[in-house]
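Encoded as structure tokens, here's the structure I'll be asking about.
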Amino acid sequence: MLSKTQIAQRIAQELQNGWYVNLGIGIPTLVANYIPKGIEVEFQSENGILGMGPFPIEGTEDADLINAGKQTITALPGAVYFDSATSFAMIRGQHVQLTVLGGMEVSETGDIANWKIPGKMVKGMGGAMDLVASADNIIVAMMHTNRAGESKLLKKCSLPLTGVACVKKIVTNLAVLEIVEAGFKLIERAPGVSVEEIKNATEGNLIIDGEIPEMVL
Amino acid sequence: MNKKVANAEEACKGIENGMTLMLGGFGLCGIPENSISELVNLNVKELTCISNNAGVDDFGLGLLLQKKQIKKMISSYVGENDEFERQMLSGELEVDLIPQGSLAERCRAGGAGIPAFFTPAGYGTEVAEGKEVREFNGKPHILESALTADFAIVKAWKGDTAGNLVFKGTARNFNPMMAMAGTITIAEVEELVEPGELNPNEIHTAGIFVQRIFQGTGYEKRIEQRTVRPKN
Amino acid sequence: MLSKTQIAQRIAQELQNGWYVNLGIGIPTLVANYIPKGIEVEFQSENGILGMGPFPIEGTEDADLINAGKQTITALPGAVYFDSATSFAMIRGQHVQLTVLGGMEVSETGDIANWKIPGKMVKGMGGAMDLVASADNIIVAMMHTNRAGESKLLKKCSLPLTGVACVKKIVTNLAVLEIVEAGFKLIERAPGVSVEEIKNATEGNLIIDGEIPEMVL
Amino acid sequence: MNKKVANAEEACKGIENGMTLMLGGFGLCGIPENSISELVNLNVKELTCISNNAGVDDFGLGLLLQKKQIKKMISSYVGENDEFERQMLSGELEVDLIPQGSLAERCRAGGAGIPAFFTPAGYGTEVAEGKEVREFNGKPHILESALTADFAIVKAWKGDTAGNLVFKGTARNFNPMMAMAGTITIAEVEELVEPGELNPNEIHTAGIFVQRIFQGTGYEKRIEQRTVRPKN
């Protein structure tokens, strides 16, 4: 089973040279720590920076320089600041090659829900609806099941949707899966996790095609 | 074209109960602190506030929420504010949640004389309810309308008395679009200079969008999530 | 009868303090030379400058600093440069208080034609269609008649339109007129020009209400 | 993210007959001179060119018109070019004339993933023919669609190898929007620097919109209307 950090590590393997990448809050943010050697990517944060660097060294933090998670950050050489309309022009216009975000539920047709639990939690969608409606390449980083042990990979989402038929790939603590026409196609197992365990943790249609390799971190 | 006013008090003259305000900022970054304090002083009520976030409990728009001055919030993310959640879930506060990119573009559209545009964001979700859907290039889009406000209140780093503005870092965010969309736009700046002191090539918001400008005082610029690496 | 310069001079009297003004090519450009004392206005040129100043002093001209007429210009203190989308955001969003432009024909309902003579001359509309469709306050500067002596103030435009029901005021070599519901309302006569002469030169419905004063330049 | 290429020849690789190109500039101000020369060299034909103007007879896009490389022009104003007028009136050249503001906004929309928007410009004119009309706030508007291009070719003052661009004066004009709307965007700059040398607060076009960048040579920067005051 993968830790959150390892989920991020596995997702980092998906990065390709020259990509602009938007990382959501939570696990996705950690992806930046595992960029493979020889791969150059640039991180966009939708509040208005491209070329986001690591957290600032203690004492150098600047209230005017934050990421979409409201964390203080730094800017790398070649960075650029811009307004929110321009930021979402980048996103909506598909200039960002990869979006990684968290999910509360994903359906076998690629729907995602991650912004609202009616009557309980309403934080708002932030930029997530724009991101999932626009990006060609969306990876969801999440736990395979919720705290009650129920699958988060469903036939149909039960929560209000963030986007429809948009998720391409999911990396959970148990597996890597792709959304294909017939459902969740199992691509890799987490180290030590059996296909059976993944099956049991997946409510939506799981497609197991031949031998499923264990992922290499 | 001198648009300088003395302070927030003078700048906020004419803001009345029931008005629609736009307020720049992302989280607590780039928010018009002086003007928000003045809105608290004025105790104007029944406001509709268009702002990406709603501040935190004791800072930013949270100050207006505490005093129940806001009737309706139009935002994209409001997750940092318990009082907000309480008022919303209890039904005291009307809330219109909008995808962040649509919010930014709707403000820009309001300022740019574009009454409506199509976007893919929100298709198939609650956001699309009651909105026209149309397919372009095989992909469904929804029709979103422009947003405008009686007053837009923005915060810039530097400005000149002609209303030209320069923002700093990610404190730019929603400020430029909101500046475009106010019937009256108030800009508060950290440093107010004379026309000609800003390089005309480096101005982010043209003075034509700004009706009143003043140099603010005592900026707290609170950091929401102080994340750092150790010094060593 | 007014010269072109005098038409510009008369239009300049319409300027109000604090206005942003867009001046078209030709007679309108001359308006900048006659700003009344005590009136401060700022000129926008739709190719991307606000705060346009006079022509540069010989030898200081800059190819990267022109107006919409492609003339070399200067920038005044407080000027700002911007892109074409932002420029027309200003125009379409009604942030420009006055547009002055030339016309080939104006109709009694405020339609204007000034961009095309089918089969003969097609220069394009440039920014004129955006300007006339957006501005609250549009003044047309033109000769009252064409070279053949035919009226340019018509019941209906014969040339392809630039905009519909948009013109508010017309200043010609003969008169100042306002578009009202019933047609061209005569406001002032050019020095030495009789109401009769204006009548004869106006094909559209001319409204003469009481004594018509002579304009003062 | 190094996007530097050696020169116009390398930058223009892949431009083929029948493609749609966007070219920045207003009149002869801010046009990509080096790339236009290369297009002449390449002798690519049947081009659709989206550009506010069509150059003059012997400069700018006029050079491509002379060699009859252009099948169709999408522009707002073409009044400075006799060869253009001849080809248009004779029917050799297809021409789509668009209000300047709609042209700018349609390019921006193309780059920003907005497939269509409403504008009042052109209502009641030829431009509105065949287009949807809808009233907003009592005023009729027409629906305009986004423009994109196989290649967008822009000219900036300075740029870095990450593709970030800074324009100068009114040479900015259409360049930023067109940079957004190209499948491949080529930027030629007067001065190419390393990442970090441009102030991230003063960049007009973010490198994300640019795929290839090179430092041009021998800029003529011809002035169309040299208007001056005497020295005295």
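Observations, loosely collected:
Letters A, B, C and D mark the chains as written, and numbering starts fresh at 1 in each.
By definition in this document, a contact is a pair of C-beta atoms (placed from the backbone, for glycine too) under 8 Å apart; a residue touches a chain by one contact, two chains touch by 3 or more.
For clarity, every value in this text was computed on a predicted model and none was experimentally measured.
Each step here moves to a touching chain, and the least such steps from subunit B to subunit D number 1. Of the two chain pairs examined here, A-B and B-C, it is A-B that is joined by more C-beta pairs in contact. Centre-to-centre spacing of subunit C and subunit D amounts to 28 Å, using the average Cα coordinate of each chain.
With centres set at the average Cα position, the gap from subunit A to subunit D is 36 Å. Across the assembly, subunit B contributes residues 105, 108, 112-114, 119-120, 167-169, 200-201 that each touch 2 or more other chains. For subunit A, residues touching at least two other chains, in rising order: 49, 75, 81-82, 88, 91-92, 134. Interfaces, counted as pairs of touching chains, are A-B, A-D, B-C, B-D, C-D. Subunit C makes touch with subunit D in their complex at residues 45-49, 54-73, 75, 81-85, 87-88, 91-92, 111, 116, 119, 122-130, 133-134, 160-165. Residues 18, 20, 40, 42, 44, 49-51, 75-82, 86, 88-96, 134 of subunit A are the ones touching subunit D in the complex. Residues of subunit D touching subunit A in their complex: 1, 108, 110-114, 160-162, 164, 180, 194-196, 200-201, 203, 206-209. Interface residues of subunit D, counted against subunit B in their complex, comprise 105, 109, 112-120, 134, 136-137, 141, 145, 166-169, 200-202.
Residues 26-30, 52, 75-80, 85, 88-89, 95, 97, 99-105, 107-108, 119-127, 157, 167-177, 204, 221-231 of subunit B are the ones touching subunit A in the complex.
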